[in-house]
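Order as written gives the chain letters A, B, C, D, E and F; numbering starts at 1 within each chain.
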Amino acid sequence: MEMIVASAIGVLTAGGIYLILRLRAFPVILGMAMLSYAVNVFLFATGRLAINAPPILNKYADVSYSDPLPQALVLTAIVISFGMTAVLVMIALGAYLEADSDAIDMDDDAVGTAADDKGQGA
Amino acid sequence: MFSEIIISFFLVLAGFFGLVGSVGMIKLERTMQRLHAPTKATSLGVGGVLIASMLYFSLEKGHLSFHELLITLFLLLTAPVSAHFIAKTYIQAKMKPEDLPGSDGDFGWAIYDNPPTYLEED
Amino acid sequence: MNHWIIAPVILPALLAPILSYVMRHDIVLARWASMAGTIALAMIAIGLSLLAADGGTHVYYLGDWPAPFGIVLVLDQLSAVMILLTSVLALIVLWHAIATGWDNRGRHFHALFQFQLMGVCGAFLTGDAFNLFVFFEVLLIASYGLMIHGGGKVRLMAGLQYVVMNLAGSTLFLFALGTLYAATGTLNLADLAVKVRDLPLEEAALLRVAAVLLLIVFAIKAALFPVQFWLPGTYANAPAPVAALFAIMTKVGAYAIIRFYTLVFGPDVVATEGLIGSWLVPGAIVTLAVGAFGVLAAKRMMPLLSFAVVGSMGTLMLAVAAFTPEAIATALYYLVHSTFAAAALFLLADLAGSQRQDDRLVQQAPMVQNGLFAALFFAAAIGMAGMPPLSGFLGKLLVMDAVRDMDWMAAAWAAILIGSLITIVAFARAGSVVFWKATAQNPSEDTPNEWVPPETQEGTRASVMQVIPVATALTMLAVLAALAGPLATYFDGAAQQLFDVDHYVDAVLGASGETLK
Amino acid sequence: MKIRRLLPHPFFSFSLLVVWLMLVNKVTPGNVLLGAILGIIVPMLTAPYWPGQPKIKKPVKVVEYVLIVLWDIVMANFEVAAIILFKRNKDIKSGWVCVPLEITAPEAITILAGTITMTPGTVSSMLSADGKSILVHYLHDDRAEAIRDGIKHRYERRLKEIFP
Amino acid sequence: MIMMALYFAIACFGIGLLLCLYRIAKGPTSADRILALDTIVINVIALLILYGILKGTAIYYEASMLVAMVGFVSTVAYCRFVLRGDIIE
Amino acid sequence: MTDGSILAFIAILPFLGALVPGVMIRAGRNACATFTAVPTLLALLLLLIQAPAVMRGEVLTTTIEWLPQLGLSASFFLDGLGLLFAGMILGVGLLITLYARFYLSSDDPMGQFYTYLLLFQGAMLGIVLSDNILLLLIFWELTSLSSFLLIGYWKHLPEGRQGARMALTVTGAGGLAMIGGMLILGNIVGSYNLTDILAQGDVIKASEWYLPALILILLGAFTKSAQFPFHFWLPHAMAAPTPVSAYLHSATMVKAGVFLMARMWPALAGTDAWFYIVATTGLITMVLGAVIALFKDDLKALLAFSTVSHLGLLTMLLGFGTKAAAIAAMFHIINHLTFKAALFMTAGIIDHETHTRDIKRLGGLAKLMPITATIGAITALSMAGLIPLNGFISKEMMLEETLHTTWYHNPWIVPVLATLGACFSVAYSFRFVFHVFGGKVRDDYPATPHDPPFGLYASPALLTILVVVIGLMPHLAEPLVKVAASAVTGAETKPYLKIWHGFNTALYMSALAFVVGIFLLYLHGGLARIWDRMPRPEAKAIFDAIMQASVSSARWLIAGTHNGVMSRYLAVFVSFTVVIGYHAYATGGAAPATREMLPVPPIVWIGWFGVLAATWLVVSQHHRRFRSLIYLSIIGLMISGGFVYLSAPDLALTQISVETVTILLLLLALYFLPKETPVESSAGKRWRDGAIAVAGGVAVAALAMAFLTRDVDTISAYHLANSYKGGGGTNVVNVILVDFRGYDTYGEIIVLGIAGLTIYALMDALLRGPAAKRLRDRAFSPDRSRDRHPLMMVVVTRAMLPIAMLVGVYIFLRGHNQPGGGFVAGLVISIAFLMQYMASGFAWTQMRQRMEYHTMIGWGVLIAGLTGVGAWLAGKPFLTSAYGYLHFPPIEEFEWATAIVFDLGVFLAVLGAVMLMLYSLSRIARFAGETVNVEPMDYDPSAEAEENDDAAGQPQTEGQ
């Protein structure tokens, strides 16, 4: 089981990384989504794996529980990354509507580091 | 004993139709034909599972359980709409009005023809 | 338990919603409320600094849960200083934003501003690793909103890059926290400090990974090489007041590094030995170089200032990297200095920019208040480039003095000295083009732009109200220089406290007994 | 009068109560009370989104209709399963048929369309723009008209009685 | 006996899931992919309930209920996107 | 050691004074000049009051603590050397103030000028009075800055700006080097106190850090004093107004370097390194400066190079390291000050009167402006070192010293070169006299010259008198030279200054220099032609080339790295992370694996395969954007299933609902974005990215595996134990969220709230920006479906909405004890509403929307916050919860917990945020010309639908 989870995390991470290295906003967004899937599972897994032991107290039987803390953390993380993704999507959309291109790179002139030697004389 | 038999029966039935539905996804050639398959998986497939679940908890676990019905209700409500939409998606992508039987009345099929009350704007 | 400890978080957190939902159609009311809130925050910050001055570590057990099981806030001299710095900077920036009408160029400026303050203060106060992540996200998402405040093509593209970079950072943060929890089973910093120190090196592999991953996370915020690339493009295209406010954002990264690598992964920790310094020192030196070259290379004012910020972070981190109490105290001094220096420059760039065609460093028509701005720029540049008589020079001397016993002293000194030479030269070039050459009667050929007659600019004359914030920031630099002695004493105290891990641990974990439910 | 305003659609409110009990999966006085309250409040909240909610005339007919449909579903499932599993693709004769409608209540039309889809072998694919006819796709049959008449006779007739 | 039947059912829906994966990759039309996704959702619902039976607990019930709900919403959204472009007009 | 607290006041006076002129300028130029003179005069008087004590050999000191942590204190001391220089600085300062008043034209901003002048004066004064080398460094850098302002005073002139920048660059660089040297010095001695350092000469010279320190400090001195090869900035600084040149470049700033060498003499001098570096540099500079000066036609350039030459002379003398040399140096400092300052002012007068400084265009001025000519001639002859003027005496002493100096066992090279230098200085001095004043009157002066008003020649005249007086009665200067030289050498010196030493070698050397000099001047025309044809390095060109090169290389470097290529930033980030992560792992050991692995039933393999397949599909087909979204939702589904299987029902609920909402957002955005991603990156880049991605994936998987196979005891045992009795809930995850770590959740909903705000604000900005037009012009695909709100969908939604609401309420209420909670409930409700929006369209639904989304978020955040604050009332910390049970028979007990109120806040915030996001998006759509519907469905066949529909009005388009 551990192998399954670990490899799944790895695959998702790899996919996410590949996508965030693309040149357009949309695949980058996809990549970010995949990365957050990956990291959520990763974080969840830090509580180690357990089957049919949900951390819901059973008043009647003395059963074992999986580690609830990472689950709570992941919930927080999921919500936060949702908010972040939403903002990312909107800004990407805004940038596209303003620039009429959803390329994620800025031209170095926008950065202010264009190499040609115009400008600063004196 | 009897309960076991009947529960098992529903489970097997469910499994069978669920599988048939999915086999249909592969075997059938045309998209519209495949559209028929999941209705099995939904109706008798999941339906059987839900019934089995109700029976299991009520008979084996000994506390009356009927919330499965709610899921059944959901599926019965939503599955037709999903199928409806998917069919339209397919028709719009792949078919022309002349491929279809004409509608009865002055108005053509919904995706090709504006509704009677439609005010010309776009 | 002193409830004032949480006030810096709660005050803006309660004010912001009111600002954004009740007052969102009444900018005047929002301005007054926002200003009042920020002033109150500054007052509270002063109070907390006095409270912390006794050298005690004040713990606030949220939800009345004992540490390490609940979340704690910890007020010590370091966090007090950071909060005070934040609130003062916030006042300056807010004043500028209001005086220049920046806050009205888009929606929800004040709400986002307050949320930003909440996030920053929360990050400075928390004593919990995961809670630090949460407040990083709060301050980040607020900063996204501020970054794209007012919109515009380039700004949105820059904002996009800013968001993407930080999302990547946040993801790594989660990986790091996960690894940390997986290795130690706890999240409370004090508890971590204890558990980490029990761990032998031969079982520390996971922990070490967590340590370096966290370092990278914070390095992104602090714009350290090789994860500094994002900063210039972002700051250069942010609204100037926001860029000024961001002066504190890089410091959040610096703060986190200082906090984590003294308290949790301190130099005395066996499990993480030989990790941090070996990456931090070269990183800081290259960052400094990048900053200096960037300043020299810049062809617009905003990028120039942005790279100056990068350079200042390099210098700051050189001091941090020594991880001795003296060096940390020095770093704190330089941290405060560079924050105000950056703020002053960005705010000034905004004022001057409004009287020029754009921020390109070419000859343009002289500004209406050319002389005034020239003087202010000269002072601010002196501050940033580390020339006397302002605090930058003392900061530089302090840093060089603090690292003199390190084996990388020569490299550090060379970097600092050469770096500041390049910075000085570059600032001189920029200033003489923007402020002096503008007065030349015959515009030379490298100025394609048509000459804008001053009378058309009269409207844009900066009022006293608009100049006050810049002046205040510069005054801060002067005050820092004049009161260097007493300030350094306070920072020494803060640094000593940082290295007294046992005291921190006892304060957080020791007291937990009686608060048990 | 008061009751009327409180319970514009008693049948609807009751079914919500049932749904609530399904959710909590336990029939206790507390749940019934809570369910009843929700059964009153929720319709109030959602009423604006369901203007002209039809009044169910003959609940008995509803039960009858439901039973018929369920039976048809079971039966048809086996037929279709047989087709999918044992018929060679080239022998499967699918096609379209247009079913003209007499019922006009949207709810009725929806239920009819749903029935058509859920009884395997047919999928209601589209309405006409004026909602007066429904386009049905059948998986395998020789006589399209038979399907159409079956639908009109077996289902639409009953629905007309339920939603006059 | 119930166990046997359970495993049989689980196997059926599991295999069904695989078949749908094939279809969703193969397409060829968007309709096929949306359809396959919808069927995957249905299979997952069944599997969740079967797992609940297997473990004899109702704790996983909400999950299947929610999957049923959101599955519908996303199917409709996908279709509307293809049909109209704007899913909320 | 005498108390000298007055020194601090003297040092600060000019700075205080500096504030005044800037303000006073409106009061007129005289007032301005006066207010500049006052502080200078006051400082001078105070200094003279101290003078007697110093002359008695006392040393005045005072110390004000500043930054003890660093060893920086505001310490001042006054000894002979300090007195000599302070006197010069203030004295000449006065003269310059007077001179400048008449020199500057009325349209020059005089207030600025005097402010700068006083700033500079203060900085110089600080240098010579500092008793703390860090303090000295501060003043040192201040002189660079203030001289930058003075040289660039005429900022409209390119020469001014460039000269200023060059001076700042060179002297600034030297200053920075000196910082390094001084800090090293301080570390050797263990104190930054000058007196301590001077007392520790032997220790310093013994230290292995001596040479680096020496070199760094000398770099500072040489650059300031324009020593070869750093001499080139000085001539360009001549772009400054002449008063500045007269002050900075004759008397003060350029002497700072000399002062520093003199000051540090006890600490640094007397070693071979010192002799060979300092003396040689000085010698070369002296000769070179003199030679170049002869060929300069610009008066000020000539004087500038002559200054270079004389600074070389002084440096050389100090380099000799002998008492006598020190005495000679001190004496020559005074003499050079007198004649050179006067000469600069003369040049200024000539420029002022004739509007040219070009010697070729001058000549014959003696008749037109006799006074100026007299002043100029006398001082120039002193510069030439002619008897009986003061320049002669010190030059003799210098030549005398050279005779006692052997350079690498070579006794004659130094005297010979010194004599050569003298020859040229005679030549250029005489050129100054003859070619400017001599010859016949010309008629082509740019302006008709005549003697200036008294104010303008008063200062040079006074200096000229000094030149003569000191020349005739040198012993008058003896006491000052004595104390100064003693201070330099740190030992008693007995200068014996007299004009006639009899016929000695030095005299013959001077005589030779005189003759050769005259001869050189006679040959000048020819020599000049050769000189012009001779190829020689043009300092400014080289400097500019270096500057330009460094700027372009910096640009190349920065533009190559910070060029906005996001993918590279991220690639660097990821690779770097993997590398140092691996390094960290490899350098630490891992404990043995303790956990045995869980079994893997087939169904799990299927789920796993599902994730892998879907990931591969998303990645491989990401160019088809819509399709990749479909694949993405498979991943979400599988992960939710996985969460269920691995006992995390709450995660499953959250994951699946969040994932759905995310997909909806993406679809809404994709409507406006391109539907395809072009293939842009090269195969090489794709492989590189693939490699990085795989590395990252493997690293993360390995990391996960590393801890999944090992146990650790965590703090959550406490949460399990206290969830019920402490938090009143059996769903531990939920209790952690709303209670143990409610503060996290508080931050989390604030993040959501801000997200909503940001998106709303962005939309608002967009619709007012250029994007608006692009949106308006947007065309819709003609073949898109005609039915927007299909009847079936509408009806089903109407039935689903209430049920979904019940589900929401249910999930919310039970959250504390069973899977669920405010967040999921909020998402369920918002999904329900989304269904409604999709069915009947935005406008129609929006009209029925009672609560406004901003308000909803606001209330959510406030409620959550106030629940926390409420705890204060009970004197408990923020977010402290309480819970209990209510009993209403016959109904079973009903639990209440404040945590549930907090959860309500979460619920509202989530609902509000999600809906606000969608609202903002669909706002764009409607802006893009999407028509809004007034009917809930495209067409309702039944008649009565119309009447009951209360939506007959026009739909609102701008709801919020």
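Heads up, the rule we're going with is that a contact is a pair of C-beta atoms (placed from the backbone, for glycine too) under 8 Å apart; a residue touches a chain by one contact, two chains touch by 3 or more.
Just so it is clear, the structure is predicted and the values come from calculations on it, not from any experiment.
Any chain that touches chain C and also touches chain F is listed here: A. A centroid comparison over C-alpha atoms places D as the chain most distant from chain C.
By count of C-beta pairs in contact, A-F exceeds the other of the chain pairs B-F and A-F.
Remark: chain C and chain E have CA centroids separated by 49 Å (rounded to whole angstrom). Centroids of chain B and chain E (each the mean of its C-alpha atoms) stand 11 Å apart. Mean C-alpha position of chain A lies 34 Å from that of chain B.
For this pair, chain A with chain C, the centres built from the Cα atoms lie 25 Å apart.
Annotation for chain E: residues touching 2 or more other chains are 10-11, 17, 30, 34, 58-59, 61, 65, 69, 72, 76, 80, 82-83.
Among the residues of chain D, those touching two or more other chains are numbered 19, 23-25, 101, 110, 113-114, 127, 129-130, 132. Listed for chain A are residues 20, 25, 28, 40, 42, 45-46, 52, 54, 56, 69, 73, 76, 80, 83-84, 87, 91-92, 94, 98, 104, 106, 110-111, 113-114, 120, 122, each touching two or more other chains. Contacts from chain F toward chain D in the complex involve residues 786-787, 790-792, 794-798, 801-803, 805-807, 809-810, 836, 840, 845, 848, 890-892, 894, 936-945, 947-951.
Chain F meets chain E in the complex at residues 602-603, 606, 609-610, 613-614, 617, 626-627, 629-631, 633-634, 637, 640-641, 644-645, 649, 652-653, 656-657, 659-660, 663-664, 667-668, 670-671, 780-781, 784-785, 787-789, 793, 800, 804, 807, 811, 818-820, 824, 828, 831, 834-835, 837-838, 841-842, 918, 921-922, 925, 930, 932-933.
Within the complex formed with chain B, the chain D residues making contact are 19, 22-27, 73-74, 77, 80-81, 84-85, 89, 92, 94, 96-98, 100-101, 110, 113-114, 116-118, 120-130, 132-133, 135, 137, 139. Those residues of chain E that touch chain F in the shared complex are 10-11, 14, 17-18, 21, 24-25, 30, 33-34, 37, 40-41, 44, 47-48, 51, 59-60, 62-63, 65-67, 69-70, 72-74, 76-78, 80-89. On the chain B side of its complex with chain D, the touching residues are 16-17, 20, 23-24, 27-30, 32-33, 35-37, 39-40, 42-44, 64-67, 69-70, 73, 76-77, 79-81, 83-84, 87-88, 91, 100-116.
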